[in-house]
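You will see two complexes here that share subunit A, one where it goes with subunit B and one where it goes with subunit C.
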Partner chain A sequence: MKIGIPRAFLYYKYRYLWETFFHELGCEIVLSPETNRQIVKDGINYAMDESCLSSKIYLGHVHYLIDKCDYILVPRIANFGLGEVVCTKFQAAYDVIANTFRDQNIKILNYNIDHRKKQTEFKAFMKMGKELNKRKFEIIRAYFMAKQAEKTYFQLELKKQQELLKRDSELKVLIVSHAYNIYDKFVGEPIVKYLEKLDCIIIIGEISPKQEAKQEAKEMSPTLPWTYNKELLGAIKLYQKQVDGIVLMSSFPCGPDSLVNEMIIRKVKGKPILNLVLDEQEGNAGMETRLESFVDIIKLKKDVVNEKQKES
Partner chain B sequence: MKNKKKVSFPHLGNYWVAIEFLVKNALDADYIIPPPITKKTLELGSMHSPEFVCSPFKYNLGNYIEALEEGANTLMQTGGLCRLGYYGELHEQILKDLGYDFIFINLAKVSYRKPYTFFSDFKKVNPRLSISKLTNYMALMIRMVKIIDKVEGFIRENVGFEVVSGSFDKLQKEFLEALRKVKTKKEMNDVYQNYYKQFKIIKTKKPKKPLRVGIIGEYYTIMEPFSNHYIEKELAKKGMVITRTMNISNSLFLRKDKDIKTRIKGYLQYDIGATGTDTVSEALRLAKDGYDGLIHVKSFGCMPEADAMSVLQNISNDYKIPILYLSFDTQTSETGIKTRLEAFYDMIEMRKEKR
Partner chain C sequence: MKKAYLGVDVGSISTKGVIIDKNNKILAEAYLWTEGNPIGAVKRLISELANQFEQKKYKVVGVGTTGSARKLTGTILGANVVKNEITAHAIGTTSLYPEVRTIFEIGGQDSKIIIIEDGIVVDYAMNTLCAAGTGAFLTSQARRLGLEVEEFGPLALQSNNPTNIAARCTVFAESDLVHKMQIGHRREDIVAGLCKAVVTNYLNNVGKGKKIKSPIVFQGGVSKNIGVIKAFSDVTKEEIIVDPNSHLLGALGVAILAKNKKSEKDFDFDINEIEFETRGVECKKCANNCEIICVFKDGYLIDSWGNRCENGAIKIKEQS
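So, the complex of A and B:
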């Protein structure tokens, strides 16, 4: 049994969970390649014009997997309870894919998370296992193995990041960006690489103690509805004192980010903030200039602070 | 009364009449009707909004600023299922950063599990408000909304065929003015019955089988005529029946969840968020009813409606019904919209003749 997983969107949030789960069930995983120009092109071709770049890329990945596997995994997530919603793109993902590729014989393996309708992650994975004709016991076992793996990897990532945060001599830049943007080869990687070339240490907002981050976010912005944005907003609060600058990185025209970034710029004081909006246009020259001048600014600021400390 | 609050709420079609009714009667406060939306309103709103936020946010912000300048000191915002759910908090932040002093009642903060929070918000405006008074006037306000919607629905289906041009428009203005004066349920019902009769006797000349067009799409842009460049009026000029089910009463008070669930089968497995599902359901209803065409309306970048479009394209193919997709932002050109409507009209008319 071959399960196709589009390497885009929620993959970057749940990869350990998914990969372990299917691996434990004895399924073969077909992962679409890193985002490349062709995938972006296909995605743009299938997507509605005004969809965000990330969702266009997602369609490109799904398209790549058609005919290469038995099922394509397309989760649908509506909410994790009252006041814990996700962007409607994830809520509509299943139906958008089913309608877009209706005439191409696409077979979707789908799970649905909707806590307000009592559809939890556990229930969702049980249903998915059943669809694959696995026995109940097997599915439960695979799910808990997957959860364990997910937890272990998260802790490992967190630990690595804590080490990076301790390095005081170098410039540290916090990148606040959804997992599917910062880890994407086409969207986020060029930015990360370029900042590293400018000798910056990258702190990733997506890597944080999630519960703690969400609690912080609630205090900063009580009505913020999107769970994934809460995690990022809270991460700013948790890391802001230890970094020299903050880069907000969104894909055009991300709905939640369009509001939340504005709130961040208005509420987070004391650290320089750069707001980057990435679209499908080629050419990073403009981006590079902006990153360079941003790094110049934070360097200058850091030097000034260091001078002051030496004097006193 | 020295401390009488001056409340305001952003424009949405003609619903300000119902909101004014609630504010005046239940909250014992003055209502500041935001100045009618103009290009300036939109410019003001855009100037202080994040760049790629959906345009309703910008319109609302423009309304707030203009209302504050008119003396409003208490502003309200609702919650919602898409970006709308976060509008209020950011509006408040932006307006405070601009230096305005006001009370902000953000209904997105209301927890529906604890209806009391709803009440205590309104109590900030009128400390002597009682629960029974609020529920009583809320019920009346809902009734008024339904009346406004019912009348508008009738107008939409008939205004295209009026013999004396402008007669519906004129009577609607009178009707709304009369509605503004009512204080009790009885008065409200009288105004409704009286005017509905008058609307019915306006002379129209309807062909036996007129062209029928349905308008579907996103909440704000479909209901606020300024934001959609008055497309309903433009279409009426061509002499056709216009159906638009999306309004406040149908989406909030009369939504038939079961019907929608059955109707969308085969096209949607889940609720796709905000108005997306309603759009799909309504498109299917009108397509099956043999409408000549559909117009899909949304603000630029609206997430749930862009998702609905991928389904609409399949419906359009399956039922052979033409759909015109219109997306509005702050830069949309008036002539561009007119030309596209014109071409769409010519196309559906030709199709009708062929059949």
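So, the complex of A and C:
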């Protein structure tokens, strides 16, 4: 049994969970390649004009997997409870994919998370296992193995990041961006690489103790509805004292980010913030100008602070 | 022979250059249109500078480039500093106005705000990749009104009642402007309204959340427009300083950076006789199909860029 997983969108958030689960069930995983120009092009062809770059890319990845596997995994996530919603793109993903590719013999494996209708992650994975004709015991075991693996990896990532945060002599830049943007080869990687070329240490907002982050976010905005944005907002609070600058990176025209980033710029004080909005355009001179000048500023600022400390 | 330093700022619309001595005094200056051809513009710029410059008395030992074509022109001129325009402008402006706290800049396609404390840039913001409310916007609206953009400022000053124009998006602004024209708003009111729209758009977008403190220096091509200057001082209730050389400050800044750089290299003004050519090639080594730009000097490849990975890196053969 081959399970196709599009290497886009929620894959970057749940990869350890998904990969371990299917592996434990004895399924083969077919992963679409890192985003390349062809995938972006295919995605744009299938997508609605007005949807965001990330969701266009997602369609490109799904398209790549058609006829290469038995099932394609397309989860649907509506909410994690009252006041805990996600972008409607994730709620619509299943239907959008099923409709867009309806003439192309696509077989979707889906799971549904909708806490307000009592559809929890555990239930969702049980149903998914059943669809694959696995026994109940096997599915439960695979799910808990997957949860354990996810936890282990998260802690490992967190530990690595804590080490980076301790490095005081270098410039540290916090990138606040959804996992599917920052880890994407086409969208986020050029930015990360360019910042590294400018000798910056990258702190990733997506890597944070999630519960703690959400608690912090609540203090900044008690009514913010989007769960994934809450995690990122809280990460700013957790890391802001240890970094030299903050880069907000989102894909055009992301709805939740457009509102949340606006709030961040107004409310987070004391650290230079750069707001980067990425689209399909490929000329990167504009992007480089913004990043280079941003790094110049935080470098100068750090030097001045260091000098003052030396004097006193 | 005294030492001198060259700064070149190649923007989307105009190309600027200065030569300074060791005291930052401007020895030669030039300003011309880029006309979509940065290589040609730089060549014309260099020959114009060469004419004004006493080559017997001074020797250019450092070159800096800035502006959106800084990389290409940096390669061509063999620059020892290639710096983004935000840093260059901040340095140029603070060299003339050490007290400055806020720099407004509106150029052909970019707009930025730079906040300075004690002579050091502490914060800045730049427009997102959309060019709404920049010089390009004013130029295209001028065309629609049958005016030269240079006539804009004086005409705007004649208005007592600027028309409200939505300037959040250039396309929307254009339809708004057409409607206002058709229902009989006076031309000077519309022009003044456009200047005001540029200012409110700028302050709401680029300037949002920033504490604007005086002294304020306004620069970039749009700072030549007296209507926009007036709109800025109306809204901020502060005096707006515009240097007579405001268009040259980026070039000045990068010339100063070249001066501060330790490495020195003699610059040859004869680039007019050298054939520079760029060629785009598509790297077919992976699905990305990157467009790689190669720069040739008299037929020899001297630099290339645009590849997303090492596969597309083009080796540069040492020229003998």
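One rule holds in what follows: the second predicted complex is superposed on the first by the 312 of 312 C-alpha atoms of A that agree within 3 Å, B and C clash if a C-alpha of one lies under 4 Å from a C-alpha of the other, contacts with A are read in each partner's own complex, and residues count from 1 in each chain.
We adopt the following convention: contacts are C-beta pairs under 8 Å (C-beta built on N, C-alpha and C of every residue); 3 or more make two chains touch, one makes a residue touch a chain.
Small disclaimer: the values here were computed from a predicted structure and weren't measured.
Trainee: For A:306, select first, second, both or neither according to whether it touches subunit B, subunit C, the two together, or no partner.
Mentor: Touch status of A:306: no partner.
Trainee: Quick one: classify A:253 as touching subunit B (first), subunit C (second), both or neither.
Mentor: After superposing on A, A:253 lies in contact with subunit B but is clear of subunit C.
Trainee: Considering only the touch criterion stated at the top, classify A:45 as touching first (subunit B), second (subunit C), both, or neither.
Mentor: So A:45 meets neither subunit B nor subunit C here.
Trainee: Answer with first, second, both or neither: which of subunit B and subunit C does A:277 touch in the superposed model?
Mentor: It touches subunit B and subunit C both.
Trainee: According to the stated criteria, A:102 is in contact with first (subunit B), second (subunit C), both, or neither; which is it?
Mentor: After superposing on A, A:102 lies in contact with subunit B but is clear of subunit C.
Trainee: Of the two partner chains, subunit B (first) and subunit C (second), which one does A:225 touch, if any: first, second, both, or neither?
Mentor: first
Trainee: After the superposition on A, what does A:148 contact: first (subunit B), second (subunit C), both or neither?
Mentor: Neither partner.
Trainee: Could you tell me if A:78 is touching subunit B, subunit C, both of them or neither one (first, second, both, neither)?
Mentor: The first partner, subunit B, only.
Trainee: State whether A:37 touches subunit B only (first), subunit C only (second), both chains, or neither.
Mentor: Touch partner of A:37: subunit C, not subunit B.
Trainee: Show which residues of subunit A both subunit B and subunit C reach, each in its own complex.
Mentor: Dual-contact residues (subunit A): 266, 277.
Trainee: Help me check something: in the complex, which residues belonging to subunit B touch subunit A?
Mentor: Checking each residue of subunit B against subunit A gives 49-54, 57, 79, 81-83, 85-90, 93-94, 97, 106, 108-109, 111-113, 267-274, 276, 300-304, 306-307, 309-311, 313-314, 327.
Trainee: Looking at the complex, which residues from subunit C come into contact with subunit A?
Mentor: On the subunit C side, the touching residues are 68, 71, 83-87, 110, 118, 120-126, 128-129, 208-209, 286-291, 308.
Trainee: Going by the contact rule at the top, pick out the subunit A residues touching subunit B in the complex.
Mentor: The contact residues of subunit A facing subunit B are 48, 50-52, 76, 78, 82, 85, 87-89, 91-92, 94-96, 98-100, 102, 112, 114, 221-226, 252-253, 255-256, 258-263, 266-267, 277.
Trainee: Any idea which subunit A residues touch subunit C in the complex?
Mentor: By the definition above, subunit A touches subunit C via 33, 36-39, 190, 265-266, 272, 275-277, 279, 281-282, 285-286, 288-290, 292-294, 296-297, 300-301, 304.
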